[in-house]
Each structure stands twice: as C-alpha cells, then as structure tokens.
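The first chain written gets the first letter, and so on, giving A, B, C and D; residue counts start at 1 in each chain.
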Amino acid sequence: MSEPDGRRHYLNVDYGVRSWLLTTDHKRIAILYLCSITAMFILGGLFAVGIRLELLTPQGDFVQADTYNKLFTMHGVVMVFFFLIPSIPAVLGNFLVPMMIGARDLAFPRINLLSWYLYVLGALFTLFAMITGGVDTGWTFYTPYSTASSATNVMPTAIGIFITGFSSILTGLNFIATIHTMRAPGLTWFRLPLFVWAHYATSLIMVLGTPVIAITVALVGLERGLHIGIFDPALGGDPILFQHLFWFYSHPAVYIMILPGMGVISEVVTCFARRRIYGYGFIAASSLMIALLGFLVWGHHMFVSGQSQYAALVFSFLSFFVAIPSAVKVFNWTATLYRGSIAWDSPMLYALGFMGLFTIGGLTGLFLAALGLDVHVHDTYFVVAHFHYIMVGGTIMAYLGGVHFWWPKITGRMYPEALAKVSGFVIFLGFNLTFFPQFILGYLGMPRRYHSYPDEFQVLNVFSTAGASILGVGYLLPLCYFLWSLRYGAKAPANPWNAAGLEWQTLSPPPTENFETTPVVTTDAYDYGPDGARATPPEAAVA
Amino acid sequence: MHSLSDAQPLAHQFDDTDQQRRAVSFGMWAFLVNEIMFFGGLFATYTVYRVLYAHAFHDGSHHLDITLGTINTAVLIASSLTMALGVWSAEHGKRRPLMAWLLMTLLLGGVFVGIKAVEYHGKWVDHLVPGPGFVWHGEGAQHVQIFYSLYFAMTGFHALHMLVGFGLLTWLIIDARRGRFGPAYYAPVEMVGLYWHFVDIVWIFLFPLLYLIGRH
Amino acid sequence: MSDSAHHGPTLGVYFAVFAALVVLTGITVAVAFADLGALNNVVMLGIAVTKATLVVLFFMHVFYGPRLVWALAAGGFAWLVILIGFTLSDFLTRVAVG
Amino acid sequence: MIGFRLFPEQASTIAPQVDALLFFLIGLSLFFSLLIAGLIVVFMVRYRRRPGGDHVPDIHGSLALEGLWTAIPFVLAMTVFFWGASIFATMQRPPDNALEVHVVGKQWMWKLQHMEGRREINELHVPVGRAVKLLMTSEDVIHSFYVPEFRVKQDAVPGRYSSIWFEATKPGTYHLFCAEYCGTLHSGMIGRIVAMEPAAFEAWLGGRQAGANVPIEVDGEGIFRAQGCGTCHRADGSGQGPALQGVFGKTVTLASGQTLVADEGYLRESILDPNAQIVAGYTSVMPTFQGLLSEEDVMRLIAYVKSLKAGEGGS
C-alpha cells in the first residue's frame, strides 16, 4: 500500500509490525478490527456451510448430532459476539466517528487499542474452546442445560464472551465521551451526521446492557464450575431468571447490530440521491427511541417459557412500539429518494437492498411480537428467518454497503464497480433464496436447532441450502476484489462520490491527524444544496 | 508523535486541557454507569430470590457477623472521606497531605479487605461456602445456599473492585510523590476518587441487603 | 461546565457528610433490630439511598457538577430500576398453572 | 408423513384463529413491502441521475407526513397487539371440563400419562372435540411441547409446572416436537399426537391394556401409602401434618402469615421442599421427598390429593 507520490498518510506513516500492534490511531485500529472480524466472519460462515449441508437431507447423515449442535452453537457465538456486534461500530464507527465530527482521534486512543486486544483475547478463548472440542449449548446458553447438562467447553466460551463484552463496553464509552466532548467548532448536535447519532445510541446500549450479560455469564461460569446454586432448579434456582438477565442484554444487542447499519444507510442514501435527508430530526430521535425501547421488550423472547402471562402482555405491548421508530426510518429514507438525482453506484444498491430486506425483517417482527401467533412460531425456523433478515439482510448488507462507500477513503483505492454491482445482486438473490423458505418452514412447524427433520420439510431446506451456496459466492466476491484493489485498484480521489460529510473533506487515505486544520462547520449535515452540489469542494477544505 | 498517556497534561487528540478534562470526566461517569449495571445483574438476581425465598434469606443473613459488617461499613465510609480529602489536597496543590490521605485510604481499604477475609474464613470453617461442601442444619438448605452464593458473588465482585482500587491508589501515591499533581492537573486523582466512592456506594447497599434483613 | 471541578465543597462539607453517613449507618443497624413489619425494608433501602445520594452529591461532586453528569448518574439508576422492575413483574404476577 | 406442503393443517380450535391473524399480518406485510419496494423502484428509475440535470429540490421534511407515518403504524401495531393478546388469553385459559394429561419431558423423550392410567411415550392419543389440558414438567433441562398442527407450544421447565390446552378438531396424526434445544438428541425428541373420534378414544383408553391401567389417583394412593404419608396427613386432621381432603384449590394461610392457593405447584413444592412454605399451625417436621420420588410419581401423588374431596375419609 505504498504511495508513489510520497504523501504521508496513516497507512504509510510506519510499516513495522509494532507500528500496527501498538498503534493508537483510530484508523489503524479500525483496520485491525476489519482484519479480525473478517477472519471471524469466514469462520462463522464455515460453520454455516456445515449447518446447511447437514440440512440438505432429512436424515442427519452429514455429521453426528453432537457435531451439528456444536456447529450451530459456534456459528451463533462467532457471528453474534465476534462479528455482528463489533462489525460496523468497531470498523466503520472507529474509522469514521472521529472524522465525521472533525476530531483527530477518539477521546481515549489507548483504551481503543485495549478494546481490540480484549476482543482478540476473548476470541482466542472462544477459539480455544472450539479447537478443544467445541461447545453445544446454543449461543443463548440457557440454564440448566449450560450449567448442569452440557459436557462441552462452556467455561472457556463463557470467559471469551465475558472478555469480549468489555471490549464492547470500552468502545461504547469511547464513542460517548468523544461525541459529547470532541465535536468540531460549529458542529452542534443537530448538525451531526445520522451515522454519528446511530453510533451514539448504539454506545448507550453497549454501556448499559453489556455489563449485565457479563455478570450473567460470570454467574453461569460460577454455577458450572463450583456447583453453587443460582439458576439450576436442582439447586433451588430459577432457570427463567437466567433468561431474563440474558435477554435484558441480548435483545438490545440486536439494536447494537442494526442501529449502526441504519446510520450507514442514512449516509449512503443522501449521497447517492444528492438530497438532504428527509426528516433529519425524526431519524435521529428514532435511533434514541429504539435504544430506549429496546431495553423494555426483552420478555418477548419468553412468551412460552413459563413467564407470567401478565408480564408477557406488557412485553408484547411494548414490543409493538419498537416497530414505530423503525417504520419512521424506512419511510424517511424512501422519501429522501423522492425527486432526488439518484446514481446507481454499488453502495447505493446495497443500501436499497438493506431497505427491502430490513422492511421484511421488521414486519415479520410484528408476527413474533403478537402473543397468540408467537406461541406457534417461537423457536421455529420462522424466528431463524426473521432474525437473519435483520442481522444478515440488514446489518451485513449495510456493513458491505458502508465498506464499499468508504473503501476509497480507508484505503485510497477504488474497487471494480461492475463486480461490486454483481456481488450485490448475487447476495440479494442468494439471501432471499436462503432465508425466505425458512419463513414457510417455520410456520409449517420445523423447530430450530434440529439435526434431522421430517421428510416433508426437505424441499424447502434444499432451496435454502441452494440459496446459501449462492450467498457464499456473493460474500467471497467482495473479499477477492477488495484484496485485489489494494494493489491494482485505481487511486481514489479525496471525494469520489462528491459527498458532503467531513470525512470526505480530507485526503484519501487521510493523514494520521485526519485534518490538517480543525474544520469549522457552518452547515447542516447532508448539505447537498438545491443544485445537487456540495457546500464546500473537498480540496479547498484540505488545503 | 503520540503522547505516552491519555492522562498526560495534554494528549494530542484534544484541543485544550478543558476539553480533555471534560472528556475524561465524562468517560469516567459513563464507566460508572456501566459498573452500576454490572452490579445491577447481581442486585436483580438478589431481589428475585429474596422475594421468592424471603425466609431462607433471613436465616442465612443471621449467620453473617453484624458487628464485623458494621465496622467494615464505617471503615469504608471513612476511606471515602480520606479519598475526598485527598482529591481536595490535590486540587489545592498540597502534595504531602495528598500522599497522606491516599495512603490512609489505601490503609482503610486494606482493613476492609482484611476484615472481609476474616469473615470469609469464618464461613469456610462453618461450611457455609456454597458448593458440595455446603452444610446447613435447618430449613430450606438449598435456598440458604442461594443466599450464600449471592453473598459470595456480590461481596466477591465488590472485593475485586477494592483490589483494583488498591492498584490505582498505589499508582497515584507514586505519581504524587513525584509531584505530578497540582491545581492545574489532578484529573487522575479525581477519577480514582470517583471510582473509589462508587465502590463505597455498592457496599452501602450490600451491607443492609446482606447483613440486616430479618434481624428483628 | 468547565470550571465545575474547581468549585468542590469545602472541607466542612466533607466532614459533615461523613458524620451524616456514620449516623445513618448507626440508625440503619438499630432499625434492623426493631420490628416494623414491611416498613423495615422501606427504611433500610431509604437510608441506603440517602447515604448513596450524599456520597454521589458531595464526595463525587455531582452537586457542583454539570447537568450532564446529573443525567448520567440518574440514568444509571433508572436503568437499574428497569432491569429489576421488569424482571420482578414476571415473578410477582405468576399465577397457578392452567 | 405427508409430502411437500406450504401450509400446516388446521387441526385444533385455536388454529383458525392463529391463522386468521397470520393472514392479516401477511396482508399488512405485503402491502408495506410492496409499497416500499415499489416506491424505491419508481424513484430509482424516475429520478435516476441524468447528465447535466442535477436539479434537486431542497426538501427538509414535513411534520404532517411524519405524523401520518407515525400514527398509521401505531394504530396497526395496536390492532395486532390486541388481536394477538386475545388469542393468547384464550390459550391461557383451559375450559373447566378439559381432560388432563400429565407430561414429563426428559432427555430425550416425552412421558405421558392419562388420568385413567394409560401411559404413553412420545405419543399422545386425544379425543376430537374435547379440550385436553397438559400439566407439564421436566426431569432435567428445559424442553418445549409443540404441536404445529394445533398451533400450541409451551416450555416444560424443571422444578415447576407449566400447562397448555388444546382441542383437536380433526382425527389424524400430527407432529409432536421438542421446540426448546435440550442437547444431543434434541431433534430426536419427537413423537405423534393421535387425534381420534371420541368413541375410538374411549376404546383405546380402556382397551388393549385394560386391567393394566389403573386410574392415576389409585396409583397416587399407592405411593401415598408406600411413603407413609398417611401417618401424619390423617383424614381427620389429628396427625402432625394437615389433612389433605379438599385442600386442592383452597386458599391456605402459611406460618409466615401469607396466603396462597394450594395449586399443583404448591403441592409439588410441599412434597419436594416441605419446609419452604409451611401451613400455619404446623411445624417443619416433614422430610423432603426429593430424590425419592420421580416427577411422574409426584404428579400421581398430586392427582391423588386432588381426588380427595372435603369431608371424605381418605383411605
């Protein structure tokens, strides 16, 4: 990644291994995260391949039941804790939040580096658990199975998740303190890009929710290791209490995954429609509403668990309120397209794909929040399909859209646009083919986490597996052309999309200090102006 | 090009010391909010089982040493005072009093953990440590065991926080000796102070919830 | 906001708060031995909350600090109430099966 | 069992209600997905960027429109909430005349027993047209009793009882799944529900193994005697423990002064953890029967206690 023109930027300022492993530059730490979560994504994806191959036939003949249970557990653990939760915040957020607010770095650069090391340490514990036999509790670690019954490596996995939790907490702390105190002159709260608002809301969830999962897995570890009674009914405990504590974090965790994705969409849609965002205040407020309401609805994971029916009513009632800010966002993005000047560049295609898939994911959430209907579809493939529409169709689409959008900024290189478009279509197609049949399977009654299943479910499962192979190709393509672009890609200008954000007002790749002089902000976000032109030409601001 | 420490007089990412102080203070408070929720999981577990097994919790609580508990509460409150006085000394540029108050805080913290160790030892001797060795001659042994599981988990995580505090205090004392703190720069003392007071507050709740229930 | 840290309490306030904390500890121990029925818990938690508030306001300087810190401190406790309150809402309203 | 299909059979009284809500939601989802997708496609084409023609209006938003698209989802969401809640309420309240079946889940099988005594494993025979209520628990980890064709599901949780009910409407054979992940052979913890015409069911119930099937309360009474429960729980109330006649469903006052309804859950706790909640006027002399009685035996004992009506002499 050397620069022939000799200009100093954050990538070529130093080449040594130490300069990466001891860096406190938020941009380099973002690259460290990018590499590590990509590795974890590939690992989680391999587990998914195992799952889909097993489900190709009803008999359970590809792997043993034990192996299958470990496959879906490790797929869930890796994807949720080591890919989805850090994905957009730790990579794009880390890189962009300081740049978008005109700061030189996050408030606590060394703590930022510590976050990454904690992530790696947590991942190593979890990998150790996997290499030495795996774990089979499901990513949900329900007691008493996890504390008293499973004979697999629950402890090292729990330790891994505990440690990674602190990585997430520290990232959240860093964002909150940075956004509060380090905005450039003139950058008032209501001029912040919605990406920053989304990360602010996400950080609140990380700080308020993650410690609860940390202490909960610690208690699971204590109960399992020392045979003390906390959740195990054989020792007088209540396993439902575990579910409360688990979902207190793990439901809001879904919003940790999706809110930053929504932030990406707001940036991309405005840029490629050359339009001011429609309803800025409503989108910003809806992020905070989602973060708040997300903490009040966890009991909807427990409608058939033996929870009090009155508590179930309250949780169901509140769950429907989350639908409203989500709907508001989708409507506002759509309205932003109206009378815009829409370019069909690949980041935009990913963003539009997100809007479609997230809409389906969100609407099927209503099915699950409705008490009487959830009783039937709870713990079936309907749920699996629903959360994959949110987490894969939503988060990963947005993550890829964001990576395409900011790749020129991050690496200083352009990727092959035609291939990017192709992979976007392949992913969209493969995704729907994989997961749409699962809605039908779920309503038919196929329970999740089944190693073998009745014959009548096979046709739809074959569709799903076929779709997954297409989806796999779709994910491999960007991996290839992004790597290719590092060496052979065209050099990216400072602002290839003619975008308005502060991050585009500096060079690509940015210098270590981000901006040569601290920018002064005088306009609202997305100030594409009536003529579709930017407020400030990029080179002017840098010079 | 990078500063050595986030807490250097002015780290490169900040525009001025005022911004730095606000960011550090804000970050610390956000960290404490996270800590509230960390202990919150334990308090929630406690509350549920206390409601379900009120009787067993009272019985279990009777076997805690109320005298030692009260002394420890007083010791910890006193350490909070000495910590606050330490921050005051730093702010007013009084180097020797700062060191003295920090040392005093460390000492009182040591007394607290020492007394806690004596209590733990007593529980060990009385077979009140949860697990296979737990023995309870009375009603609702399982539920009493849950009380003791929570007693050890809550006071254990609290004591762990105390130990982290010892490390922080030691670091402060060394830096104070070097004369690094003064009216212009005492944020580390202030931040460790916030942490220490937080740990004190956790105990302010743990003491009545664990030691004082069902005594009448 | 920026100067807040410099306007901490006087030494007298520190000692007064300390005295109040010690006295409240004494009261809470004494009250624990009195039979007030359900009121025991209320008094006990009331005193604990009072003590915590004193520490937060004066030892931790929130009384003299920016509103944002007030909001953070209050928000942390509010979230604790959500966690405990909603969890209890299940356990307190369970009824007989069937 | 049957070939490829896209929609599950409706075989219980609640199924059509659940499906009606499903169809409403599918309609709603189709409307909004097509609306959003349609608008996106139309805008993409209609407003695609043209060379030189980059004139976009400066629109910030519209309060009226925001209000509208906040209000519409709100109204729809509340409709769905009340609809779903009313179905749930029906699911939670079994009719009084429901047949009862005891269900114990364990890794990895379902053990069931009818009140008339007939026992089954991984298979449940039920009559059509009559409500059936299941009293469930688990011996080890959490399981979940799921019959897709009936649209009902409920977790069987160790250490406590849970319950569901359904009324089959069509004779036939339906799936029984464990829906809560429970370990290695989770997907093998499946079985069949056989819904039969009432006459056929009666014949089945007393049929093949007639004589071998003793009513469950008789089974329970045997356990009651074998364990010596009657020594203390005397019918005339003169024993060290309270008389159990008519106690089921009654409100009892505890030593602590609290009152509670003596339901299945309380009886279970009183057998396995007798001193947890003692009835006022009695002392804690009863030993625990944890480990001595299986979950099924405890259920049989409870069935026996339930059969004891006030005023009757026990045995």
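In this section, a residue touches a chain if its C-beta (ideal position, glycine included) is under 8 Å from a C-beta of that chain, and two chains touch if they have at least 3 such contacts.
Since the structure is predicted, the reported quantities are computational estimates derived from the model, not experimental observations.
**Q** Which neighbours do chain A and chain B have in common?
**A** C, D
**Q** If you tally C-beta pairs in contact for every chain pair, which pair wins? Let me know.
**A** A-D
**Q** Farthest chain from chain D, comparing Cα centres?
**A** For chain D, the chain whose C-alpha mean is farthest off is B.
**Q** Rounded to the nearest whole Å, what is the centre-to-centre distance of chain C and chain D, using the mean of the C-alpha atoms as each centre?
**A** The answer is 42 Å.
**Q** With chain centres taken as the means of their Cα atoms, state the distance from chain A to chain C in Å.
**A** Between these chains, centre-to-centre, one finds 36 Å.
**Q** Quick check: how many Å separate the C-alpha centres of chain B and chain C?
**A** Centres of chain B and chain C (C-alpha means) sit 15 Å apart.
**Q** Determine the centre-to-centre distance between chain B and chain D, using the mean Cα coordinates as centres, and give it in whole Å.
**A** Roughly 45 Å separates the two chain centres.
**Q** Going by the touch rule set out above, which residues of chain C reach two or more other chains?
**A** Those would be 68, 75-76, 79, 83, 87, 91-92.
**Q** Where in chain A do residues touch at least two different other chains?
**A** Those would be 180, 208, 212, 236, 238, 240-241, 244-245, 248, 309.
**Q** Where in chain D do residues touch at least two different other chains?
**A** Only 162, 273 qualify.
**Q** What residues of chain B sit close enough to touch chain C in their complex?
**A** Within the complex, chain B contacts chain C at residues 18, 21-22, 25-26, 29-30, 32-33, 36-37, 40-41, 43-44, 47-48, 51-52, 66, 70, 73-74, 77-78, 80-81, 83-85, 87-88, 91, 190, 193-194, 197-198, 200-201, 204-205, 207-209, 212-213, 215-216.
**Q** Given the complex with chain D, which residues does chain A contribute to the contact?
**A** My answer: residues 60, 65-66, 69, 136, 138, 140, 142, 144-145, 148-150, 233-234, 236, 238-240, 273-276, 278-282, 303-306, 309, 312-313, 316-317, 320-321, 323-324, 327-328, 330-332, 334-335, 337-344, 352, 355-356, 359-360, 363-364, 366-367, 369-376, 378-380, 440, 443-445, 447-456, 458-459, 528-533.
**Q** Once bound in the complex, which stretches of chain B touch chain D?
**A** 53-56, 139-140, 142-143
**Q** Quick one: in the complex, what on chain B touches chain A?
**A** 1-2, 5-6, 11-15, 19, 22-24, 26-27, 30-31, 33-35, 37-42, 44-45, 48-49, 52-53, 130-132, 134, 142-143, 145-146, 148-150, 152-153, 157
**Q** Looking at the complex, which residues from chain A come into contact with chain C?
**A** Against chain C, chain A makes touches at 180, 208, 212, 238, 240-241, 244-245, 248, 295-296, 298-299, 307-311, 314-315.
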